[in-house]
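The structures come next, written out as structure tokens.
Across the two complexes that follow, chain A remains constant while its partner is chain B and subsequently chain C.
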Partner chain A sequence: MPTLTINGKQVTVPAGTPIIRAAAQVGVNIPHFCYHPTLSTPGNCRMCLVEASDARGLAASCYHKCTEGAVVNTETARVKAARQAVLEFILVNHPVDCPICDQAGECKLQDYYMTHDHKPSRVTTAKNSKSKAKPIGPHVVFDGERCILCTRCIRFCDEITGTSELTTEQRGDHTEITTFPGRELDNAYSMCVTDLCPVGALTTRDFRFKTRVWLLSSTDSLCTGCSRGCNIHMEHHEGEVKRYRPRLNPEVNEYWMCDEGRLSYQHHNLGRTTAIRLRDQREVQWPRAARQTAEALTAAVAKANGQVAMLTSPQLSCESLLAAREFASTVLGNATVYVGGNPSGGNDAFLITSDKNPNRAGVVQVFGPAILANTAYKLLEEMEQGRVQALYLMRGELPFDTAGRARFAAALSRVALVVYQGPHGLDLEERAHIFLPSATHAEQDGTYVNETGYAQAAYAAVPAMGQALADWDVLSRIARAAEMPLSFDSFDALHATLAATIAAE
Partner chain B sequence: MSVTVRITQRPERTLRVQAYIPEVIRGLSVTTRQMLRNLFGGKDITTIQYPEVKRRYPERYRGLHRLMHRDDGQVRCVACMCCSTACPANCIHIVAAEHDDNGIEKYPATFVIDELRCIVCGFCVEACPCDAIRMDSGVHVQPFLDRDTAFFDKGELLSRGTASIATQGGTFKGSSHSHH
Partner chain C sequence: MERVITANWHVEKAYTLSVYQQHGGFKSLKKVFGMERGAVVPELIKSNLRGRGGAGFPVGAKWSFLPKGTDVPKYLVVNADEGEPGTFKDRFIMERDPHRLMEGCIIAGFTLGLKAAYIYVRGELVLATRRMEAAIAELYAAGLLGKNIQGSGLDFDIYVHRGAGAYICGEETALIESLEGKTGQPRLKPPYPAVVGVFGCPTVVNNVESIACVPLVIERGAEWWAAQGSEKNGGPKIVQISGTVKRPGTYEVPNGISLRDVVFSDLYGGGPLDGRTIRAVIPGGTSCPVLRADQLDVKHDFDALKEKPFETMAGTSGVIVMDETVCVVRIAARIARFYHHESCGQCTPCREGTGWVSKILDRIEAGGAKRAEVDQLLDIVNNIRGNTICPFGDAVGMSIGAYLRQFPEEFIAHVEQGRCTYPAW
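Presenting the complex of A and B:
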């Protein structure tokens, strides 16, 4: 455990710690391009040079290990001159495409130039030309001129995904990142290289030219693509979700997320059904919708002889599920609760899990483990045998293939009253008697429990689209109209009830 | 920076001022003198026969926007959105798209300025890294009879444009090398 002094501050770190980590512990930020805590350390960018008493010349703080009694200085004139020289060197061939570069605004080269260099160029010769706007895989586009050859992308593919698609070709200032012959950058995590790339050399094809990053606002949220529950920055502009970016959580997803999950932000914007429909009435406002839904449900439940069902979903947050539980037992007169959700799919040994729903563990916590026996398939059979008179559907994701969905849609016609609440109409909307639009997880707060049992919060990022409301709000309005108000009247109260319920059970 | 303070006294309200009539006569005599000069004074007239005669605008007068051309007549704008970011009136609306020419890459598929919202501050011109947007058209904003006509689209803005004297990279044409 060497103890050393960094900019006058003492710090003790485990043996083998590089200076850059020790410095971070005492709040000293050392600029760097190629170093990344999860990757190997080639020390090729030289941006992290510092003065260390135990080094000949300047030391690269990303691989120079801390030694007992070392004295490190990161802000001396010599270090500053070295940084400036490194940046000037990098910029010799840099195109300074910033106006058309998607990285502008979150570019380390821009930032460091402003803080550590800020000198006009002295270069009078022509710059090298390299690949421009070259797609190197289904999701990633490459710009050779902007690349600073830090090799983070190569190391990611070698060391994290183990897929090794990338390498360098040529030498010197003609070096260029490329895929191996006949290969594409198409692993399941390929877009992570665009987060790793400190400059705009690797950017996503999806976000390309969509907006400028400085216009984005960011809200802490989760990916709902599978039961890993990767932590994300949900980034949005003018009320529209524009992209997901992984948010560091060493316990869940580290710095990464899969491509499919990253692109799943689109479901907030696409295929939405955001208008209320009461049988054939449209352009209905919520007060009337709640009243008429309550009347229809009360009448149907009275006639149904206990044959009432509710389909909940592991797509819903714990709060929505708890509201659904109360709603099922009061307004729906002890309805039988079933569990829907997306069908399971492929998984891998890294992040992707086979359960394509974010909150199955939450369903178990709210309803108890026995609930899992009440599958959507069981509900389908009950419906087909005419044993369901009233059905309340929360979300339209079903664990079926296309044929199964068609069977389910057909079976809905045997149910006297179908109320469907969801952000997307999917193929079930027109089969329902009443459709009530609800918010996606970008539009409402919620807690989701991932596969390993972590309860994680996702916060509302954008206002709900059209007439959509938070799930608890929809249920609560109907319950009030049915004169059986739920036991909470705000999200906060519901959240507190959830915490108390889970602690008690 | 030091601040100079100058104290000025209000003019005294003398009896003559308070008597009102002499001051009115004094005012009317100025008006009458001016009128006679305009009628018989020849060249020495203050009033301009607008719109037949126009006053010369100062060189940095901010007129209607225009979008500048590349050498081949295409729009210079690369849809970087610096202008729309800088615009305090939030009146520039740009949708960027991929250009077929890899050397250009990004261009504005739509570029609309709401001239009714524009407060004519010129920030957009200052922000543009490409000499693509200018307000040196010398045309001042006309009144609009209908809101829709106040939305100037790319075609309209380009119609007032000309080729820029700047080359890609920010130096003047004719200088021996690029600065980056």
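Presenting the complex of A and C:
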């Protein structure tokens, strides 16, 4: 455990720690391009050079290990000059096409130029031209001129995904990142290279030219694509979710997320059904909708002889589920609760899990493990047997294939009253007597418990679309109209109840 | 002077085992087999044999760094890439006297307990490759390679591997990467090859001439070898003279001979072409800072050339001579173009700087540059130097910087006259 001094501050670190990490521990940020804590260290960008008493020249702090008694200075004139020199070298052949570069605004080269160099260019020679706007895989587009050859992308494919699609070709300032012959950058995590790329050399085809990043707001959230629950920055502009980016969580997803999950932001914008429909009435406002739904449910439950069902979903947050639990026992008169959600799918040894729902563990926490026996298939059979008179559907994802979904849709016609609450109408909307639009997880706060039992918060990022409301709010309005108000009247109160319930049970 | 290293170069068919043995070949190996294993390295240290690949690192010391008594295999890698412009000595050893190199390899194998030697040969050297492959075949047939060589208990193999023509693959760690089948790019150090070398195993990397000298040190004895050179620079060595001299060629000289003698002596360079005056001399391959003609009174060895006011290097002992008809700006521009072409492209200052420098120099040569760009050039090369992964970047900084330092008036004249006044090549 060597102890060393960095900019006058003492720090003790495990043997073998590179200076750059020890510096971070005492709040000293050393600029760097190629270094990344999860990847091997090529020491190629030379941006992290510092003065170290045990080095002959300047030391690459990403690589130079801390030694006992070393004195490190990161802000001397010599270090600053070396940084400026490296930035100047990078710009010799850099196109500086920031105005048309998606990375502008979140580009390390821009940032470092502003903080460490900020001098007019003295480059008088012609720049090399290289690949521009070259798609190198289904999701990623490459710009060779912007590339600073830090090799983070190559190392990601070698060391994290193990797929090794990328390499360099040519030599010297003609070096370019490329895919191996006959291959493309096509792996389940390919877009992570766009996060790793410090500049605009690798950008996603999906986000290309969509929004200037400085216009984006970011909210801490989760991916709901599977039960991993990767932590994300949910980024949005003018009320629309524009992209997901992974948010560091060493316990869950480290720096990464899968491509499918990343692109799943689209479900906030696409296929939404955001208007209330009461039988054939449209353009209904919430007070009347709540009242009429309450009346219809009360009447149906009274007639149903206990044959009332609710379909909940592992797509819902714990708070929504807790509200549903209370609603089922009060307004729905102890309805039988079933669990829907997406069918399971492929998984891998890294992040992707086979449960394509974010909160099955939350369903178990809220309803108890026995709930899992109440599958959507069981509900389907009950409906087909005519043993369901009233059904409250929360979300339309079902663990069925297309044929199964069609069967489910057909069975709905045997139920006297179907109320369907969800952000997307899917193929079930027309079969419901009442459709009530609800918020996606981008539009409401919520807690989700991932496969390993890790409870995580997702915060509302954008206002709910159209007439959609948070799930708890929909239920709460109906319950109030039915004169059986739920035990909470705000999300915060619900969240507190959830915490207390889970702690107690 | 007696030829020692080059003794066999003019012997007919010395590249065959029988002729090599007729001229004393493999006596040193026999001697080593009779010695204590531990006795060879001290002998090499005492001999002051310095590496002939450019940096002049003491061979004995390098061998002594190899970890002892490990379970992992250890290797010798012979650097036969000979890429430094102005250097042409290793190829003759390989073409004309390959068995001497092999004998050195086997001595290293026995002394250091090595599993094998890899000779990484510059791809263009086809004859050298063929001669070495033939030599190796002869040695296997004669029981001088393979299992239990001459009853010594040594199992040892030698492999020849051809490079694909990249200067940077002469840098020892890039060479190792290339040998392993990867892109030839230098590694970050430490670890040094003695600890993590080829295939992750401890490795000694030595130049062809360095290894070929080993049997000679054993044959003549460390004292004799040390006495042939200057202080800490033992033995004879091979200088290679090119450029505007009467007798360009390859000569064996005692270490520490004066650079003036190398250039002017009738035994060696023979002085300038008739009616010409020597203006500049590069003492050891293009990576070494250039000297002016008034700076030739210096010992040609690894230590003296480093001192002020010379501040250059003995390098590969490839001496390049230029007279007054040679435009040094053009020379600098050509060398910069070489560096631009050969930079491996890994690290920023060298990758981007070499091209930048080359383009500016081309423009200065053509006469289209501004005065400010001349000063800028020195600044740029100094920014490359010392900030890179491998010594290639330092070489760019030192060599190009030296032209600017030694001949500033030439650069300014090009700018001011707007053209090069020297005859075209």
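Definition applied: the second predicted complex is superposed on the first by the 505 of 505 C-alpha atoms of A that agree within 3 Å, B and C clash if a C-alpha of one lies under 4 Å from a C-alpha of the other, contacts with A are read in each partner's own complex, and residues count from 1 in each chain.
In the analysis below, a contact is a pair of C-beta atoms (placed from the backbone, for glycine too) under 8 Å apart; a residue touches a chain by one contact, two chains touch by 3 or more.
For clarity, every value in this text was computed on a predicted model and none was experimentally measured.
*Asks:* Counting residues of chain A in contact, which comes out ahead: chain B or chain C?
*Replies:* Higher number of touched chain A residues: C.
*Asks:* When the two structures are overlaid on chain A, which partner does A:His174 contact: first (chain B), second (chain C), both, or neither?
*Replies:* second
*Asks:* Just checking: does A:Ala133 make contact with chain B only, chain C only, both, or neither of them? Give me first, second, both or neither.
*Replies:* A:Ala133 contacts chain B only, not chain C.
*Asks:* Let me test your reading of the model: by the given contact rule, A:Val96 touches which partner, first (chain B), second (chain C), both or neither?
*Replies:* first
*Asks:* In the superposed arrangement, does A:Arg208 touch chain B (first), chain C (second), both or neither?
*Replies:* Once the two structures are laid over each other on A, A:Arg208 reaches chain B alone.
*Asks:* For A:Val71, using the defined touch cut-off, is the partner it touches chain B, chain C, both, or neither? Pick first, second, both or neither.
*Replies:* So A:Val71 meets neither chain B nor chain C here.
*Asks:* In the superposed arrangement, which partner chain does A:Gly57 touch: chain B (first), chain C (second), both, or neither?
*Replies:* Touch status of A:Gly57: second partner only.
*Asks:* Which of the two partners, first being chain B and second being chain C, lies in contact with A:Ala493: first, second, both, or neither?
*Replies:* neither
*Asks:* Please work out whether A:Thr124 is in contact with chain B alone, chain C alone, both, or neither, and reply first, second, both or neither.
*Replies:* Both: A:Thr124 reaches chain B and chain C.
*Asks:* Mind sorting out which residues of chain A both chain B and chain C touch, each in its own complex?
*Replies:* Residues common to the chain A contacts of chain C and of chain B are 123-125, listed in rising order.
*Asks:* Looking at the complex, which residues from chain A come into contact with chain B?
*Replies:* Against chain B, chain A makes touches at 91, 94-96, 98-100, 104, 120-121, 123-125, 127, 132-133, 208-212, 214-215.
*Asks:* Can you tell me which positions in chain C touch chain A when the two form their complex?
*Replies:* 166, 168, 183, 188, 340-349, 351-356, 359-360, 363, 370, 373, 376, 383, 386-389
*Asks:* Hey, which residues of chain A end up touching chain C in the complex?
*Replies:* Its residues touching chain C are 41-47, 49, 57-58, 60, 63, 81-82, 85-86, 88-90, 92-93, 122-126, 128, 148-149, 167-168, 170-175.
*Asks:* Please give the residue numbers of chain B that touch chain A in the complex, ascending.
*Replies:* Residues of chain B touching chain A: 78-82, 85, 96-98, 102-103, 105-106, 129-130, 177, 179-180.
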